[in-house]
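Common to both upcoming complexes is subunit A, partnered first by subunit B, then by subunit C.
After this line comes the complex of A and B, so read on.
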């Protein structure tokens, strides 16, 4: 038994290290994805192009404008353009919002302590429009507070932000990426490794030997488990050293859960290999079954709670949904196993189910 | 080509003088009765019956699609028969297919080797999945590669070798665990005549050591070296006989002629 397993494991490693394509898949792609997601995909907004129309021309209005432009969020790109040009500004993408301070601003402020400014927002990207509204609201609220501390409000909300106090996207995305990358890499590598043997005919040669299906499967699972695990560690290390994502919880727990999740991906890959007849099909199925649902329906970017009911059902059966909760819980919140046992048990259950199904579906005969 | 082979008395196994002692006393290596395999409505193998005595070189002839590979795959436990029975090495091909596997060697049509591994690594792997110990594999590898003339190419990648070398590597892989019965599915297809001749010398050596060799081919000249040949046509066995007697019966000088007559007679 050990000899047979060892033979398969050693052969798989030889394949991986000799094939530049699989080396890229194992080492290059996860890093590439990490840097792409770490840098390009961010929900933070900075340097929003802003036009300001100051019709008041008073020290008060100038102070408001300088507060706005002193934050990192806004960049004043146009000043005192005619109102009729606003549409063009938006169309030419010269500005995404316009702040209009009316002529009566300083007067009203002095007379009644109550003045209006207006904000026109390009909401073709509704998410961004929301951010802009909130940011401007914050600036104005601060301004109110400074001008008129005793009058400002009957009560105020003073938020304290936990777990990611700077609200950095990287802290949210890097742990999430582990969920995405691990399931993709492991299911892809495993299914291709098995289907390739069917395509080249070597599987036929293996099947005439007395080897049992479980031995073939375990022999394939072991090397790819190690590789998936190394990928996970790599992302965690680069995430924490390069993207400065702090790891709040137990590293050992994170690694242990990664192992459970890697096995989910690998058993999914084996299941795919029992259906797919060519490597191209295996690749297509693996990508469709992992990347697509894991990016859109697992809570990786979009919150599950705001999805329609039937999509939430799908997200309930996606392994990434549970691993995301686990890994974000450990990395960001310092969750312990006691907080995460439900998700951990579901993943473990998925592992057992997938392995059982794939061992049964793995046929020792050709036809 | 057969002239070269007759030199050195190797024709013993091929001619009428096939050792009856070996065959009779030990029973049959392969026995098949009404073996049938259908793929949907297409019947690839249609009620085929034959038996192969131990130590025989049994040739399986026929055009492409005649049912040779399907028959071999059923005997090796790679395919289940639709109906009929069969035994290999005394084990039932349906119930005991796992026990058959230790006593057979199989070389598939496509030289199923890993092109990105060296000859030695391929043999190490295939020896390993038969549960052989590392030392035993190393010793056996040296022995086999020397006997097939590959000792110097042991550490070359299989992908870089010419077809004739790949074919001999595949044969070595099939023989690592020293099986009693060897199934060779078109082992010489796509190989030049010189390589084909030397491959048949290897087959004779196997038979000399008492192995049963079950070989399919569509080269009619090769069938002359078999103890007996079965000519398959459209899933059925059209002829099953010693090649010399077949030639006599059809008044033909070569097996090629015999084959053409069988094809045309059965075609009517």
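After this line comes the complex of A and C, so read on.
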């Protein structure tokens, strides 16, 4: 039994090492994605191109403008353009927002104590527009504070940021990437490896040998489990050494949960291999069933709570949704199994269900 | 010319023969737009929030009520101690906890400006920042309201205040809906996926089954062959673009403000580069599987580096430099400008020029490589 299993594993490794190009891809792609996600993704804004129209021409208005331009958020790219040109300014993308200080600004401020400025924002990028509104709000709030030094606030707000005090996006994406890469590698490689044997006809040759189906499956799957695991550990190591992502929780727990999740991916791969007849189809099915939902609907980048209800239902049946909560919980929050038992149980349940279904489907196909 | 026509005819016959192609071109865009257009959102909604009230006064209840009724949050319950607050954050039951310290109201009356604490789960830094912004805005409004209706010590003590108010006006997208920005971008992404993938897969398939060699021994030149291969996929791309435009309109009610002719012209220029990439991939890949892997790879990178949902301005300079050779970067800008602002060619020619240059370069170098491979 063990010798047969060992031979199949060795045969599978020979296949893997013979196709060295794909092996590079399998080990290199996670690293590339890690660097891309670690460096490139940050949604907040800096140095926003801003136009100011000062119709007031007073020391007060100039002070407001200088406060605006002295922050890191705004960069003034145009001054005193005619109001009718704002549309063109936006279409040319020369500015993302225009601050207009009306002629009566200083007069109103002195007479009634209540002055208004308008802010016109190019909201075609709503995320940017949101930031711009908040930043301008902050600048003006500071200005108000400076105008009324003796007037103290009723109360203040002090935020305390847990788990990721500097709100670094690398801390968010590095553990998340493990969830994405693991499911991609395991489901894709497993399904392709099994379908390839079907396509080339070697599967039937193996079947007429005294090897049992369970041995074939386990033997074929073990090498890919290992590769998936190596990828996961690699991301963790590079993430913590290069991107300085702190690992707050238990490493053993993280590795254990990774194993549970790898089994999910592999049983998905086996299931796909029973449906697909060619490698191209297996690949397509694997990508649409695992990669796409795991990237877009699992909370990997976009928060699930912001999605419409029908997508939240879908996200509830995606394994990555639960593994993301687990791995981020362990790595960033220092969660223990007591905090995560619900997600862990769901993932285990999915494993058992998928293994049962895929082994049965595999047998039916062979019989 | 006749020879090119025959190849085009052959390709169209082959495309028509595969049923799945109809689904890919005419049906899939509806689903892809519906799902991805809804899933990809930078809005922050339904954030689970808990409250912690140590003061149990009128003021603390009013403040927490204002927080609870903010539309961006979903109230999940009150906790009664710091430890419980930490536990709900740990378990992910709430992303934010707003805590009012003891003696809050009294301190406020005495003008001591007490602190409202906001405990934030910072794991998703971006969403956390936006949610925190909502809380701060809500509390600021509440502060103004309280100062007006309950003139407390602090407010009374101050002389008449001078305040500047900002009146924001959001052009092109007054409700700041994410989908207005994402959906036109998706139409561009789908166009890229289809043209690049189909071209690469088609040529590699002919290589795999050996018909490419048969074609080469006919009097058809390699340039004619490439042109004959490109035209059908170019047409298919424009057909899919049409489907995408209709789907964006029917599913999300998003129609373009600008010129439809300009959009098609720009899409044609854009397709030069995606077709070029497709041919390029086909010269490297030996099997359809490799072709698919590579195209997929290419796509992920151009998607991330196109400003599709991650603003390019904030990336490190080295990465920003790379984005300049990404044709999708320009086409995303163009399609959004035309859709949302109705921008004309006057302000888009720079993007068109860059895209065209990359397209011509990609297409010629890929064709040269293709020719060399065949010899």
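One rule holds in what follows: the second predicted complex is superposed on the first by the 316 of 367 C-alpha atoms of A that agree within 3 Å, B and C clash if a C-alpha of one lies under 4 Å from a C-alpha of the other, contacts with A are read in each partner's own complex, and residues count from 1 in each chain.
Here is the rule we use: contacts are C-beta pairs under 8 Å (C-beta built on N, C-alpha and C of every residue); 3 or more make two chains touch, one makes a residue touch a chain.
Computed from a predicted model, the values in this text were never measured in an experiment.
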Partner touching more residues of subunit A, whether subunit B or subunit C: C
First, second, both or neither for A:3, with subunit B first and subunit C second: first
Shared subunit A surface residues [contacts with subunit B and with subunit C]: none
Footprint of subunit B on subunit A - complex, ascending: 3-4, 6-8, 10-11, 14-15, 18-19, 200-211, 215, 364-367
List of subunit C residues in touch with subunit A within their complex: 35-36, 38-48, 74, 86, 89-92, 104, 108, 111, 113-130, 132-133, 135-137, 139-140, 143, 146-147, 152, 154-155, 157-174, 176-178, 180-181, 201, 287-290, 292-293, 296-297, 300-301, 304-305, 309-311, 313-316, 319, 333, 336-337, 340-341, 343-344, 347
Contacting residues of subunit A [partner subunit C, same complex]: 21-22, 25, 29, 33, 36-37, 39-47, 64, 87-88, 90-93, 109-110, 113-130, 133-134, 136-137, 140-141, 143-144, 147-148, 150-169, 171-172, 192, 279-280, 283-284, 287, 296-297, 301-303, 305-308, 310-311, 325, 328-329, 332-333, 335, 339
Sites on subunit B touched by subunit A in the complex: 39, 73, 76-80, 98, 101-102, 104, 106, 108-110, 112-117, 121, 124-134, 173
